[in-house]
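So that you can tell them apart, the chains are marked A, B, C and D in the order they are listed, and the count of residues begins at 1 in each.
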Amino acid sequence: MAVNESLRVLRTTHYDEQHYSLFLSAGSIGPATRPGHFAMIQAGEGLRPYLRRAFSIADVTTVAGVPALEFVVKVVGVGTAALARFAEGTPLPVLGPLGVPFPIDDLVPTDRVALVAGGIGLAPLVILARTLAARGIAADLFYGGRNENDILKRPEFERFLGSHRCRYATDDGSLGRRGLVTDLFTHALAGGARYRRAYACGPLPMFRALARLLADAELEGSFAMESEMACGFGVCLGCVVPMADGRFATICKEGPCVAPSRVDWTRL
Amino acid sequence: MAVNESLRVLRTTHYDEQHYSLFLSAGSIGPATRPGHFAMIQAGEGLRPYLRRAFSIADVTTVAGVPALEFVVKVVGVGTAALARFAEGTPLPVLGPLGVPFPIDDLVPTDRVALVAGGIGLAPLVILARTLAARGIAADLFYGGRNENDILKRPEFERFLGSHRCRYATDDGSLGRRGLVTDLFTHALAGGARYRRAYACGPLPMFRALARLLADAELEGSFAMESEMACGFGVCLGCVVPMADGRFATICKEGPCVAPSRVDWTRL
Amino acid sequence: MKVDLSTPFGRLRLKNPIGTASGTFGYGLEFAEYLDLAALGAISVKGLSRRPCHGNPPPRICETDAGMLNAIGLQNVGVDAFLADKLPELARLGTTVIANVWGDTEEDYVAVVERIGADRRVAAIEMNVSCPNVVKGGMIFGNNPDALAGLVKRVRAATAHPLIVKLSPNVTDIVASARAAVDSGADALSLINTLVGLAIDLETRTPKIGFTTGGLSGPAIRPVALRMVWEVRKALPKIPLFGMGGIETVEHVVEFLIAGANAVQIGTANFRDPSLAGRLVKELSVWCADHGVARVSDLVGTLKTRPRPDHFFS
Amino acid sequence: MKVDLSTPFGRLRLKNPIGTASGTFGYGLEFAEYLDLAALGAISVKGLSRRPCHGNPPPRICETDAGMLNAIGLQNVGVDAFLADKLPELARLGTTVIANVWGDTEEDYVAVVERIGADRRVAAIEMNVSCPNVVKGGMIFGNNPDALAGLVKRVRAATAHPLIVKLSPNVTDIVASARAAVDSGADALSLINTLVGLAIDLETRTPKIGFTTGGLSGPAIRPVALRMVWEVRKALPKIPLFGMGGIETVEHVVEFLIAGANAVQIGTANFRDPSLAGRLVKELSVWCADHGVARVSDLVGTLKTRPRPDHFFS
């Protein structure tokens, strides 16, 4: 049950020129949010951007005591640039929480899971990490980026999961191991790590590689996927991906969190 | 010789919900500005508003010692609303000074002139009043509006011209005489006032009435006229008004300041 | 002032002139949490085909200035699933349902309307004729008055429902299309469908839409839509018209009514704000009250135009 | 990296592919204070008629979402005044001048090009065929391939200049217009002219444009323009094309080149920023350098399209 409401900008925290956290008043979306949910945000009344933009709800938290939704955003174009510039107090139309969240209710405290993040894909894993920690479920983080600046929210992850459970990889080796996040994960599996499920969010190449790894290791996965979206709630049919059963499935409604085994990676 | 440059917002002073003064850094437009000149301002990079908007340069002044252009703006739509909201320091593309200014170089200190303003039409008369005062030319102000909120810059006018030379009219009588500014002017003429020239800016009905009054009294006039403008420098041919000689003349290039006798008021 | 929003529309009488456009409103039910479906004048559901259709491979949409391109490929659950799984609930909610239909051949269209048959839960049938006629080598039905006439005649013969033909704007003469449809038995017209457009990804030098071209919708096309509504209204003073194309505000709604639309359909704007259509119903009666309009239908086709001058030389 | 911006365009070789569009660039000289006219690939001047034309009564323009409507009515100083008062200075500045011409009859067009004669200071003639044929009851020349062919043949016979025909986009089949023009002797094509649109003032219930309808230009029409350039390029692989319609950035320029335009014309954007066209020339060579494009002409028509799927049913 999603809500279409107007939420105020509470704070914008910039990490570097390309990354920031946007905090909006939680409204009635906050209490309804589960890890993996996303929201559609209208970046102002103008015509550019025209459509709302989709963002994972990175966390439900507070700003100076006020209940807040946190979004972690990477600037890639007009909408993500516009969202970075709103003054505190500006009301923004927000639709959420949307989509199918990560499956976590079937986990038990003895379970151990993996969180795999690539670049801005960290966003939905923040609230997931906090929720799992609260439920006493052990989780290993594998987090990769082009360089150090791509690695965001490190303190939070290490607080939630324990720093010994957080491993990083960067293309240039500026933080953690030089290479891809999937190398980290392969290495862990080779080292005998076993997981009840792997939760992942990142760019398509990461998803492809990870989907193969999980299939080979016969591990379950849940990927928070992306696609261009016009509506966010299943009516424009614009956000589809090809599924193994031959259908096109809407990422906004049947996803964003889907089992990689259901996706037809060859046609994507 | 107009300039196309980027000027920073120095300050925005709001008179009421509908009226404000916008101060921009003077750039190289300031020194070139004469009373009656206007500028085309782009209200941000967005698509709404799409075209630049035309505004009289109400004065060339300073803000905290920084040379500034002052624009007095009435909110009537998307562009004038957008211009009111820019943060200090925001750079705005400005083209100016544009158009034919008020003819004043032929005036001599013994001359007496009339300034007739209707509503937001006060704007170009501010810099005109200051300039005339500096040249020791006596000017009577006739200024009308719907109500007292429409009467702006009163202190400036009274400082430049002397309060005894400033007369006001409002539809509701909330300030000055109840009625139209043209009634004020008629009354003055009836009282024997004679003027070398009447400088006016206001809505079309005021222009029509005043044009008739001036023709009857055989007085010279110079009207700062308005029209929707796309370019502001004579190339789109969108801003024309019908002239007595049968042509359509561009207000942006042959105007905005034109002698009412040259305009074909019957076809306008 | 009490405002009468009821809208005579041929054999139908709509609660008000605010409808929603096919393909932008799903099957209606998806919007139940954002507005009161029964409060809308009508909803046109996603284009239905005789069999379920998978649609085009992604990417299917991209944003453009003041609009978007789409090439969904008419993905839909098929007419049978619609009648079985969606229509009952829509009827229960008191929704005025317009079944938007399409096909690759005349037979496909006929098959869909025959499945709907005399079902009274469907208020009207709206034909999307912006589809390639696979038999006639992919020529768009709606872009050729003869093909359009032939198609409409076949469908007209197959249904007793009010028949609305939704015109393609990608034509030289929208009035010719309108006449062809009306002369072939259409009870009403919807205009406009999307304009064919293209957008390119510079890095890959490929179209941003997998299908290459897509349908342009949104505020960008409003002036074209409004012009076509006015042209058709001038030529066909009595035909019921749905106007659509970039409508986002109550002012836009009134603009279309004045141009000659009896009612409007909100399209792409439903994506920006799923509650919009419901709000526009309320805003429309406020607008009418503020402007002393007692019956919204009094606005229809009241545009005052000036005589057009010839070129005047000196 | 040194980038070659020179642009072969039929018999012409333009300095670069950045031109400016007729009616949005005056007679060029008005822009001399904002950019270097000689640095542009070409400028197309305001449409010239055999006699000076007064144009339409105001209001002539209004803003729309991401664009504007205009019905200037082709006001211009006339071909004689242009040749006498504007062309000498344009030539002195080293401007590549395209004379945009129009008329109410075929004879009018012929008269204008005959006045230009063999004047070498005019690089090419661009025919605006979006004008009503007053003899044929106001039917738009450019909206009827036969009328277009007849007109182009007459003008072709009357001039030895490179002849560019500027197509109207208000047609069902832009390729048919293109073929008609080329088969009748056009050396090159410009596309697109404006889309016909309407906007209404609600308070007065009158059109915002005195002429009722106006031509829609600006970013709103870019996807339609780009699609038409691509369609014509596919059908006529060799014909020189000017692409235009809502171009505002260097990315837009490259989009048109990839779609198949050999060069572009900047239109409405000149109003937003009179220095834009000059800046785009510089930005284009930077873009090419950044993308390893040595000759800008290597970009032309390089769009990679995917095969179009049929509708796939289950």
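We adopt the following convention: a residue touches a chain if its C-beta (ideal position, glycine included) is under 8 Å from a C-beta of that chain, and two chains touch if they have at least 3 such contacts.
This structure is a prediction, so every number in the text was calculated from the model and none was measured.
Colleague: Go ahead and name the chain pair joined by the largest number of contacting C-beta pairs.
Modeller: C-D
Colleague: Quick check for the class: compute each chain's Cα centroid; which one is farthest from the centroid of chain D?
Modeller: A
Colleague: Quick check: how many Å separate the C-alpha centres of chain A and chain B?
Modeller: 55
Colleague: Hey, how far is the Cα centre of chain A from the one of chain C, in Å?
Modeller: A distance of 37 Å separates the two centres.
Colleague: Hey, how far is the Cα centre of chain B from the one of chain C, in Å?
Modeller: Comparing mean C-alpha positions, chain C is 47 Å from chain B.
Colleague: Show the residues in chain D shared as contacts by 2 or more other chains, in ascending order.
Modeller: Residues 54-55, 57, 64-67, 219, 314 of chain D touch two or more partner chains.
Colleague: Among the residues of chain B, pick out those that touch two or more other chains and give their numbers.
Modeller: Where chain B meets two or more other chains at a single residue, that happens at 47-48, 246-247.
Colleague: Mapping chain-to-chain touches, which pattern fits: line, ring, star, complete or other?
Modeller: Topology of touching chains reads as complete, every chain touching all others.
Colleague: Touching residues of chain A toward chain B in the complex: what are they?
Modeller: Per the stated touch rule, the residues are 46-48, 87.
Colleague: Show me the residue ranges of chain A that touch chain C in the complex, using the header's touch definition.
Modeller: Interface residues on the chain A side: 1-2, 4, 42, 47-52, 93, 95, 227-228, 230-231, 233-242, 246-248, 267.
Colleague: For chain D, which residues are in contact with chain A within the complex?
Modeller: Those in contact with chain A are residues 65-66, 314.
Colleague: Can you name the residues of chain C that touch chain D in the complex?
Modeller: Residues in contact with chain D: 49, 51-57, 64-67, 69, 73-74, 104, 134, 143-144, 170-172, 195-200, 202, 204-207, 210-214, 216, 219-224, 226-227, 230, 246, 251, 254-255, 258-259, 302-306, 308-314.
Colleague: Touching residues of chain D toward chain B in the complex: what are they?
Modeller: 23-26, 30-31, 33-34, 46, 54-55, 57-68, 70, 72, 75, 218-219, 268, 270-275
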